[in-house]
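These are the structures in question, set out in turn.
After this come two complexes, each holding chain A, first together with chain B and then together with chain C.
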Partner chain A sequence: MQAGKPVPTLTPAMIAIWLALATVPLWIEHVGLYQYLGVEILIFATYAMAYNLVLGHSGLPSFGHGAFFGLGAYGFGLAQLNLVADLWFCLGAAVVVASAGGAIVAAFISHRRGIYYSLLTIAFGQVFWFIAIKSHAITGGEDGLLKIARLPVRLGVATIDLTGNVSLFYFVLAVFVAVTLLLWRLVHSPFGRILKAIKQNETRARFVGYDVWRYKAAVLVLSAGLSGLAGGLFAMAQASAFPDVMSLHYSGYIVMMTLVGGGLVTFWGPVLGALVFLLARDVIGAFTTGWMLWFGLLFVALVMYKPEGLGGLFLRTPRKPVPPLAVASAPAE
Partner chain B sequence: MGLLPHLVNGFALGLLFALIALGFMLILGLMEQINLAHGSLFALGAYFAYAIATPRLPLPPDMLQVWAAVPLGWRFTAAMLLAPVLVAPFGVVLERLMRRTYGRDPLYGLLLTFGVAMVIEELIRIVWGTRDYTLPVPRGISGGFMMLDLIWSTYRFWAAGFAIIAMAIVWLVIERTRFGALVKAGAHDSEIVQALGHDLERLRVWVFVLGTMMAAVAGVILAPVWGIRPHMGVDAVIPAFVIIVLGGVGSFWGAVLGGILVGMVVGLSGAYASEWSMLSMYLLLILVVTFRSRGLFGKKSVLEA
Partner chain C sequence: MALFEAHELHLRFGDRVVLEDISLSFEAGRLSGIMGPNGAGKTTCFNVLTGRYKPDRGRVLFDGADITGRSPQAIARLGIARSFQLMNLFDEFTVFENVAIALPATRARGRNALGHAYADPALVAEAHEILDTVGLAARADDIAKALPYGERRALEIAVALACRPKLLFLDEPTAGLGSDGRARLAELVRRLKGQVTLVMIEHDMEFLFSLADDISVIHWGQVIAHGSPTELRTNPWVKNSNLGKLA
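Let's turn to the complex of A and B:
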């Protein structure tokens, strides 16, 4: 990440992670888990990576990202049920709908910073969630949008059926690979550098001459679109779309995953976070009904003692003990 | 004329919203910490009040019988006074946990309290289950009455009155006592206040206790109106933060005015589209903040950094 040093498109770590993920369907059932969990983890990992573009790479604390994930899910479902039942078209619709939602939000909040940014993203998240719940005729309200099919992949020469969880896993993995590759390139591009500058000091970035709000708007739209893509996959995996994923709780969970995994300090942190979060849900949930109690306590302890997240454990030389999300000008005690 | 009941009810609702928002604002404005657990403390207040008033307390059976024989009016009053005292220790613990986030990006405080909110909500589910409860209201202040050929809910007016009293107490504490002056000075310049020999750590604990008790009082007052359920915390904290951003961070009157505005808008839009009435407050917020970035009376604060 040092300036001047070219960053390769493919790194050994990247390929190792992809290959490790590709073996998951071979052993996941032998360790007492189930195939669908792998699909879920990959979808949430994609979502968390998309979210981290905003939180970790640009320092914008969005607390309403569930809206974009949900918009993607509804976009996928509605396109399939009302327009054309084609996988590529529906995933495209998911991205377009979520990006449009992101553009609306971005138009209003890109001049804001810090906690005001968070609070406004919460407000917009609630607006989308509320509309999803109340628009019975379109979204099915709290009953959800049902009967979303797992469409086959049409590749021209061949068609792959995705109704099985294993084939769906590999399809989601392909999307994950594409998204991570895109994000890796993006973060290390000149555009990514400017995002980093905005994260470190927005005022300075503006004085250097960058039109900061355009970058903030662009990155939110992009992140929203990719979150929507994950949402579309989730709608397909679940065969339905519900307003829950747009609620404040779910928007908070994605922040938790990203932070727990160490998204603030490492590129792959969000993947680790999604893995830990969903595994904790299943494993702690197997022993007790109140898994949120224990996970909440763990999370509180993590914020207190290891705010850079689990990913921070793997870094040999953390540059700063606490990564500032914006200008760290809060008064010391 | 047809809108009058909606306006009056909206105004009363607004006072209750303002009450919820004030405790939240106290901690945000004076300590620059976003307390997302405010809603959970609000819910705890309601549950404790339910336990005291109905009564479902972990006491020996004969003592419980004596207490159950006391008229509901006294039990309700006791609930309103005692529940906040019982919730206060949670605020002390929360402050202790949050100490590690002071001086860091405010986002960490927000995340920590999000975690705490999850924990408290889950604890409520474990102790009381997921079913709804209702807090019984003494006969004298329940029911309805006729005015201008319309039926009005008596308790809503009492609740608005309680809210005004609670807010007046907070105003007196902040604006008319030495404690309030010190806390405000501490928020403005913590170093000088410490250099003058005041124990800022103790002050912070008391601010948290005050904010927590405000949340609990609001929970008790609102419990008969909204019902008691695990999710009530989230339902309360969201309007609270909408009101704070609308009124402006750090402004007492901004919170009161924001609360009343939100209440009236929700009440009025309820007259036309009751299903969508809660949406109107977000739209109001977005409208106001688009033109006045710090809300109606907001001052510049560290939170924007």
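Let's turn to the complex of A and C:
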């Protein structure tokens, strides 16, 4: 950041990306794909952006984020089926439930760093996943929570039906725009810059007066809440919520999306990562059920030859990413 | 009463005693030096005084308040800052941001998650003023890790100064510097003297003896001598040790 130069709230790149995404329903079927894939990409892009707040912007290697996505999905479904079938209320419930989960985890892990932080996120992720599977009466267990409706958007003067994939796409795009705008402001705010400082040198941050663990806790809760929002959208999109999304391998997917896209070095990297991941699933998956093998090889190649990820291709001045674990566990003195 | 006092500090790592009944006091407005051979416990002592380690027993008083065992961040907020023997910067930040992030004004806005980080002209001016003090004003937009070693040392001090301390601990500020770098640093320390109370660990005896008002010698985790540079030149232990070659 240049000396004292404020970062604009809206940038040309940001507007171009939003506009480009807005054209997707117009051509996606003409290239052999389908409308629901666009919805899914946007939901996972939102999730990956929320996740990158923790991994890329704060250097906190969480490997159990699927728990928060899943909590959001269940929060949305349970609120709709048991409380009020209102879109805003249910999305709010998704955010609140996931944030509460994040707060519980944060209370236990925010004093830790490096590999201990990672292992605890995995452990908590597994705990939430196990609870989701075993609480059959509440979550439906392995059968999942079914019959979640795509609720209409009530705007007071008008109501927009979201049962069609195109209308749902534009609603999810609106949420994506709001989330990316919020995250853009956040990473350039005093709070965001302090997180960046903590990522680089936790010890020095403490010695200049910051309660590091409070910032680490706050960002995990925020990231969990936004991941939960994406989870709520996913539950609505697929009309159900399953414990699968809370499992360790689903948590691994979001890490892969973020790293492949270049979340460690670029703000928009996770969006690119979600796009590539889901396209690979569908395009390579059309030829072979072992699509993950090929995507895994791409991941290995990127880590070896382009560790900054695909987003690094768009950087004017190449930057080497600093792996979060290396940062977090680096000796202070 | 001294600005900062440590009374009978004791610290063990396992079965090894690293600090044994150390008592120190630093008067406001002065530059106090700490010297001693490698492994004597100087940096460990700094780590106890600045909250990194909690002493097994003993008390640390700052401005009359007991700060024993408080966290580094709590101690920093009281007005005690430190630099580190090994470079401890925000390497990916610009020189400007290294300083700006450490300012109390930025800390006060730490909960602001939507505003511009450095939109306040007063905050920006304050950061530039500190960079000017350490001679890094022209480097404000450079990335910290790209600076040459001597300038990174200066930035290390600038980050500590940005905390607006009443008391500044400098841990071997000349480590790794050539003669030109040491001369520039000596000039900077002279300028800081009087503005802020300074405590400095230093191996370069010429540097330390030319700047310090009083010096404590630490060896085997104990304070074995204390006095003005003139008094210490005649101290038998200092004279007989490698450290005393200057005298």
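Everything below uses one rule, namely that the second predicted complex is superposed on the first by the 315 of 333 C-alpha atoms of A that agree within 3 Å, B and C clash if a C-alpha of one lies under 4 Å from a C-alpha of the other, contacts with A are read in each partner's own complex, and residues count from 1 in each chain.
Operating definition for what follows: a contact is a pair of C-beta atoms (placed from the backbone, for glycine too) under 8 Å apart; a residue touches a chain by one contact, two chains touch by 3 or more.
Keep in mind that this is a model prediction, so the values were computed, not measured.
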{"item": "Which superposed partner A:Val212 touches (first chain B, second chain C, both, neither)", "value": "second"}
{"item": "Partner chain in contact with A:Tyr305 - chain B first, chain C second, else both or neither", "value": "first"}
{"item": "Partner chain(s) touched by A:His188 [first = chain B, second = chain C, both, neither]", "value": "second"}
{"item": "Which superposed partner A:Ala197 touches (first chain B, second chain C, both, neither)", "value": "second"}
{"item": "Touching partner for A:Phe108 - first (chain B), second (chain C), both, neither", "value": "first"}
{"item": "A:Gly285 touches, of chain B and chain C: first, second, both or neither?", "value": "neither"}
{"item": "Touch count on chain A, higher of chain B and chain C", "value": "B"}
{"item": "Contacts of A:Ser118 with chain B and chain C, given as first, second, both or neither", "value": "first"}
{"item": "Shared contact residues on chain A - chain B and chain C", "value": "322, 332-333"}
{"item": "Chain A-facing residues of chain B, complex", "value": "32, 34, 97, 100-108, 110-112, 114-119, 121-123, 125-126, 190-191, 200, 234, 238, 241-242, 245, 275-276, 278-279, 282-283, 285-286, 289-290, 293, 302-305"}
{"item": "Contact footprint of chain C on chain A as seen in their complex", "value": "1-7, 182, 185-186, 188-194, 196-197, 200-201, 203-204, 206-212, 215, 222, 322, 332-333"}
{"item": "Chain C to chain A touching residues, read off their complex", "value": "43, 50, 71-73, 76-77, 81-82, 84-86, 88-94, 96-97, 100-102, 104, 106-107, 109-119, 121, 123-124, 127-128, 140-141, 159, 162-163"}
{"item": "Chain A to chain B touching residues, read off their complex", "value": "61, 63, 108, 111-116, 118-120, 122-124, 126-127, 130-131, 134, 248-249, 252, 255-256, 259, 289-290, 292-293, 295-297, 299-300, 303-305, 307, 322, 324-333"}
